[in-house]
C-alpha cells in the first residue's frame, strides 16, 4: 500500500481530532491500497510551520489541511504542486472540477488558473445575537440589525451600564491576530471595499475610504457609542460574555455554530454581518494542499484522499459535526443535510450568506501583511491612534513587507 | 518567653508567605474545581472557586477519551527516560573533565559548552530538522531526544557538584589501585548523587513539559507525547474554549510530575542543596 | 653537578609536557560524547545561521554575501520594538522573580511541615507545561469572567483587559512568567542559603545585628554567587521561552508583547525572511553570550570566598 | 557587677534532656573554664548564656539583670566560636567593626576602636585582608578582636583553640590568659581538652552528661577529684583506675596482683583505686609495690610515658625524660606518698 | 626489602619550590616520622612517595624498584589521610575491601581479609555501618583497616591523628605504634606535632622550608638539636633561645642580664644560648644563675609551666606539679648541669 501522511490542524476542539482520525481510519479501510497516517499538527500557524519543515526535511505529507490564505505563498515559493495533472487524468478541466464547489471558494483555490487548494471546510463571519436581550431592549428578534446604523442603534439599546461598570455589552468580536484581519476585511467588504488585489500578490488596499469607513465603525463602537469593550479580546472572552447572557450581538465564525449551539443556554439566533454598502463577507477556513516532493504514487493516493474528504457525503458529515459549511455544493443535496438545515436554521443563514462571500487574504508575506493591518486596528481599538493615521501606517508597513516581491515582479522591468 | 524572637515580625512574615502561597495556588485550585464542573465552557460564574453542586468526572472521561493517554504517557516517559539516560553519561564525563582535569583550553571549552544554553531549539528548528532527517531520525522519539543528549546545564551542575567532593576520596581510591573509570563510577558518581537527582528533576520537568520541539519532529500518532496531545484540547482558533476539558486535560498531563513532586518534595529540595550551587 | 641537574630539568620538563598531552587526551575523550551532540545540534546549526545572516538573498534565488541583513535589521522599527520589549520583559520578570524567590527561600529556609507545604506550592507552577500554563492564564486574564477579574470585581475593581490592552499586556505576561518561574529559582536560593554556616548568623546576632541587618550584610553578599547563577539561568529562561507569548498574545496587541525570539520566529516562519531572522539570531545570541559571560565570571569569582 | 548566675537551668532538644538543672555562679572578672567530654552539654550551656538558645526552665542573669528574654545582641556579651565564624566577604577591619557598625556608631569611631583592638592583638597589619588570606592563628586573633572591640561585660569562648595546631594552641592559650588579665572581663571558656582547662581557668566546672560533676580551682580538682569520672577526665595521661579488694594491709587488684600499701581506714571492701601516672616511680626491686611490664614507651624528651601492664591491667606511668625503658622490660615501681585516690564502685564518688 | 629511598627529590608548584632536593633512606620495617612546621613540604613529600604527585627531579625507589613512573595503585603502598577519606556511600566493610575489589579479587577472599583486618583493629562489629555512623576514633580505625588489608610494603600516614581530640589522639597514637610493631611494614608518618613525632618515631626527619633540617633518633634529636630551628621546634614548651655575648665566665644575655655559668671553650663571641624549660630549676636565692619574674602560670597538675621574664626576655620554665607560683613572683633559678646548647647566630648550626 502507498503510505502517505495527512497533516491536519484542529481549529476547535479535541473531539475534532478524534473525528478526523476516525474518518481517516474509514478511508483506509475503504482503500486497502492506501495507508494514510493522520498527523495532528497544532494550530493553523504551526501546521504551516511544520509543513515547511517537513518539505525542507524531504518528507512532505501528501495532503495538508492548510489555512487558505497561506497557499499563495507556497505557490510563490514553488513548494506546492497543482492538482491540475491529477484532475486532467480524470478527464476534467480545472473549471469542471471546481464547479462542485461554491463559487465563493474559487478565489482562494485557483491561482493563475491552476487548482492549488481544494476547499475542505469553510466559514464566514456571522452575527450572533441573544434573543432574550433583544426582547428586553425592545428590539425585534425577527428583525436583526441589517445595516451598520441599525446595528449601532441596537447595540446602544443592548448596552447596560451600572455607573462606570458595564454589565452588558452591545457588540463584541474577537480582535486577536488572524480573527481581527478577517473581521476587518468583512467590514471593509460590507462597506463596498476590496482589501487586496486578487490578481496580484504584491498589493493591498488599506489606506482607502472603504477601509477608513470600516475602521471608523469600530472606533465609534468603542469610543463614540461605547457599545464594545476597549482593547483586544479573544474569542473566549466574547463567547464567555455571550454564554453568560451579558452580550447582545457578537461577530463570530460560522465554524463556531456547533460550539455555540452546545454551550449557549439561552435562545439566540444568527444573521448576516450588517452592511453599510452591500452584504459581503470573506471566506475563511482551510483547503487541502499538496506539497512538492512526492512520488507519483503518493500524489495519486493523496488526491484520492482529497477527493474522498471533499466528497458530498464526507463533506456533509464533517459540516454537521463541526459547524463549518461544506464546500461541496452537492453535500446539501442529500436528505440528511436538508433535514439538518431545517432543524438548525442558523446553519441555513450561514449557507445563505455564502452567496455574498468573497475570497480571503492571500498576498506575498500574507501573515506579515495581515498583521500590518491588525497591529494598527488594535491600536485604534486601544485608543492609541485615530483610524486615518492607522491606515496610513498600515499601508506603509504592508508596502514595505511586499517591496521585495514588487520589485522583483511588477517593477522588474526597471532593473 | 519566645515572644521577642519569634514574635510579630516573624508571624507577619509567615502570614505574608501564606498569603502569597494562596495566590500561587489559586490557579491550580481553580483548575481542579473547573475540571470537575460540568459544562464549563463559559458563563458568568466560570471563575468561581466554589465547586459546583453537580461536580463529576465527566470532563476527565471526555479528556481521556479524546486521546490516547496511555500511549502519550508511555511516549513521554520514554522520551524523558531516554534523554536522561544519555545525559547522565555525557554530563558525568564532561562534568568530571571540567571539574578535575587540568587541560589546555579548559575555560574555552567550557564557554563553548555554555553556548548551548542560549541556543534553544526554537532558534534552530529548521537546521536541526534537516540534520535529523539526514540521520533518519525525523518523526522518531530518538529524534526528539537527540539535541538534548548533551546538556550544558547538566555539565555545569555536575562540575559544581564534583568540585564540592573532596579530592581526598579520589586520591584514596588511586592509592587503593582504582583506575580512572573505577574512580568515576564507584566513587564520584555515588557521591554526586544529589547533583544527579537535582539534574534529573530539571531535565525530566523540562522534557515532560516541552511542546514545540516534539510537535515539530514527530508526526505519527504513535510518537505523540503528552503536551502535543494536550494542545488539541487547549488550542482553539475560531471559537471559545471548553475550560472544564482543558483543566481536566492539563491535570492529566501534569499529574505524574505533580504527584511525584508532592511526595518527594523534601528529597528534591535537599538534593539541590548539595549540588554545590552557592 | 650542573650537567646532571640540567638534564634532570630537561627530563622533568618533557615528562610534564607528555603528562599534559595525556590529560588533554583523556579530557577530549570525556568531552567527546557531549561534543558530538553539541556539534550536530548546536554548533553546526549556529554556523549555518551565521552564514545565513551574511547571505543576501534577492527575490528569485540569486545570493551574495554582505551585511545587508544586519543593516535591514537595525533599520527595522519592529526589531527595535522587540528588543525594547525584551529588555523591559527581562528586567521586569527577572528582578521580581528573583526577589520573590529569595524571599520565599529565606522565609522557608527551615524545614517544618508548613514550610514544606509552602515550598511545594511555590514549585507547583514549575512542574506544569508552559502550554498548559498559557491555557490556564488565557482564562485567568479574561476580562470580566476570568479568575482575576472575577475576584477583583467582587472586591469592587472594574474590568481589566489584561492581555488585550497594549499598555498592560506585557506586564500581564510578566506576571505569568514570575508565577511560573519564581519557585524554580527558590530551589537554588534554598541551596545557596544552606551553604551559609549558621555560625555566621549566630555571631551576627551576638554582635547585635537585627534580622534586616543580618540579611543585608551577611545573607545577600554571601549569596552573590548563587545570585549570579540564578540571574544567568533566569535571563536565559526568560529570553528563550516564548511559548506563552506565542500562545497568549502572538506578540500583540499592536506588537506590544513582541520579543526578540518571537521576532526571529516571525521573520523565519511567518515572513520567510531567513536572512533577517538569522541576523537577529546572531545579534541576540551575541548579547546573551556577553550577559552570561559577565554573570558567570561573577559567579566563578564569588566561589573563591570559601576557605 | 558582671557576675553570671545560672539557676536550675534545664534544656532539652526534643526528647533528649541536654541540661538537667545547672546552677552555678560565675563571679565578676573570673576566668571560668567549662570542661567535659564531647556531648555533655557545654556548648549548649554557653549558648544559653549567649541567648542563642532559650532555656526550658531556670533563670540566667548577667550583672544582676535577668537576661532570659533578651536577644544575644542586647546581653552585652561577646562570643568566640570554634570555627571563628568570620564573615568571609568582609575584610578583617570590617569583621572586627561589624558589631559596632550594626549599632550605628560613627565611622571614625569604629575605625579608631578597630585599630586599637587590632593593635592589642598585633594584627594591625592584616586589617585589609580577607579571612581566607589568614593563617589559623591569625583568624583566631581576628575572632578575638571582634569580641574585645565591643568591650562586653562577658566573654564566651566555645573551644576557640581546637582548630589550631598543637604549637599554636599553646601560644594562643597564654595569649588569651594575658588578655583576660589585661581586660578583666568575666570569661567563660568551653573546652573538652583538660590540659587547656587546667592551664587557663581560675575556676573549673567539670560537666558530664548534662550536670556539673565538680567545680573548683584547677589544682584542687586535680588533687582531689570528687568522682572517678573527674579523676579519669582531668590529667593527661589520665589517672590509672584499678578495681580492687581492700584489706588492712593493702589492695588486691582484680586481674593484676596485690599491692602492699598503707590504706586509709573506713573503706568499703571493694573500691576503685586511682593512681596518677606521675605518682608511680621506678624503684629498687626490693622496694617495689607493683611490677609493670612496659609495652609501649613514648619518650618525649622532657618525660617518658610508659604504657605497661600490671598483671593483665593496663597501667600508665610518667617517668623522667632521661629514663630509658625498653618495651618488654619489667619495671619495679612504687607509689609516691599520699598519692592514692579511692572511689566508690557504685556511686563513683570519692571515698578517700 | 621495602626500603624507601629518595634521591635529590625536587618539586615546585608553579614558581614556588616546595621541595629543594630531598635525599634520605627509610630502612625496611622502620617507623619514620617526618615532622616540621606547616607548609614545609611534608605532605608533598609523602604524596610524592605515594605517587599522587610527580617529582620534577630526582628518583624515588621502594624496595629497590624505581617507582617514579608508577601509578599510586601499583606502588604497593597504603596511605591514611588526614580526613580519613572514607567513602561515605560505602559500608565499613566495603571501604576496607575497596582496594581489593578494584583489583578483582574474589568476593569470598575479600570478605575474609576484611574480617581479619577488622579483627586486628577491633572494629569487626562495625562492618555494616556507614562512616557517618562512626565516631572519630572508629573512623580512624577504619582508615587504618583500609590500609592494612592490602598488606602493602609501605604505610604512609598524613597527620592521621590531627582530627581527633586530645584524649583520643593519645590513645590512637599508642595503637598505631602497637600495630606497627605487629605488622612490621615500613611506615612513614607525617605530623607537625612534635610530641606525636617524638613518641611515635623510631627515626625522626625534621623538615623545614623544603629541606631536611636533621635526621635521627627522637631522643638524640631532643638532646642534641643540630640547629636552632630544630631546638625550638622539638620540645614542648619549646627550648628558650637567648642571644648572648659569651666570655670566659658566663654569658651576658642581650636585654636581660648576666648568667654566670661554665661555658665550653671555642665559642664565638656572640651566640644563641638554648635552655630547655625543664632544665631550669628554682633554687635558693644565693645559688641563682638567673632571676625570672613569673608572668603567666599554667598549672597542669603533674607539672607547672611558668612563662616569665628574664630581664626583658621571655623565658619558659617547667616546674614540678606541686610548685605553687603566683604571677609577678620573682623566681631565682639555676640550670641543671649539662643542659646548655649553643647555636651560631648566622648559620643557626649547633656549635656546642
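Each chain carries a letter (A, B, C, D and E) given by its place in the written order, and its residues are counted from 1.
Going forward, contacts are C-beta pairs under 8 Å (C-beta built on N, C-alpha and C of every residue); 3 or more make two chains touch, one makes a residue touch a chain.
If you want to know which protein each chain is, UniProt gives these names: B = Carbohydrate ABC transporter membrane protein 2 (CUT1 family); C = Carbohydrate ABC transporter membrane protein 1 (CUT1 family); D, E = Glycerol 3-phosphate ABC transporter ATP-binding protein.
The shown structure was predicted, so the numbers you read here are calculated from the model rather than taken from an experiment.
Q: Relative to chain D, which chain has the most distant C-alpha mean position?
A: Here the answer is chain A, farthest from chain D.
Q: Counting C-beta pairs in contact, which chain pair has more, A-B or A-C?
A: Between the chain pairs A-B and A-C, A-B carries more contacts.
Q: Need the CA-centroid distance for the pair chain C / chain D, whole Å please.
A: Chain centroid spacing, chain C to chain D, equals 54 Å.
Q: So the centre of each chain is just the mean of its C-alpha atoms; given that, what is the distance between chain B and chain C in Å?
A: Computed from C-alpha means, the inter-chain centre distance equals 16 Å.
Q: Could you put a whole-Å number on the gap between the CA centroids of chain B and chain D?
A: About 54 Å, centre to centre.
Q: Considering chain C alone, which of its residues make contact with at least two other chains?
A: Residues 138-139, 145-146 of chain C each touch two or more of the other chains.
Q: If you look at chain A, which of its residues touch at least two other chains?
A: 49, 178, 236, 240, 244, 246
Q: Give the residues of chain D that touch two or more other chains, as numbers and ranges in rising order.
A: 71
Q: Which residues of chain D touch chain C once you look at their complex with the stated criterion?
A: Of all residues in chain D, those touching chain C are 50-52, 71-74, 77-79, 81, 83, 85, 87-89, 98-99, 102-103, 132, 146, 150.
Q: Please give the residue numbers of chain C that touch chain D in the complex, ascending.
A: My answer: residues 197, 199-200, 202-210, 213, 217-218, 221-222, 224, 304-307.
Q: Taking the complex as given, what residues does chain C use to touch chain B?
A: Residues in contact with chain B: 20, 23-24, 26-27, 30-38, 40-46, 48-49, 100, 103-104, 107-108, 111, 114, 116, 118-132, 134-140, 145-147, 149-151, 179, 183, 187-188, 190-192, 194-195, 211, 223, 225-226, 229, 232-233, 236, 239-243, 247, 261, 264-265, 268, 281, 284-285, 288-289, 292-293, 296, 303.
Q: Sort out for me which residues of chain B touch chain A in the complex.
A: Result: residues 39, 41-44, 46, 63, 65-67, 125-126, 129-130, 132-133, 138-139, 215-216, 219-221, 224, 228, 231-233, 235-242, 245, 249 of chain B touch chain A.
Q: Given the complex with chain E, which residues does chain D contribute to the contact?
A: 38, 135, 162, 165-167, 170, 173-174, 177-178, 181, 192-195, 198-200, 218-219, 222-223, 234-238, 276-278, 295-296, 298-303, 305, 307, 318, 321, 327
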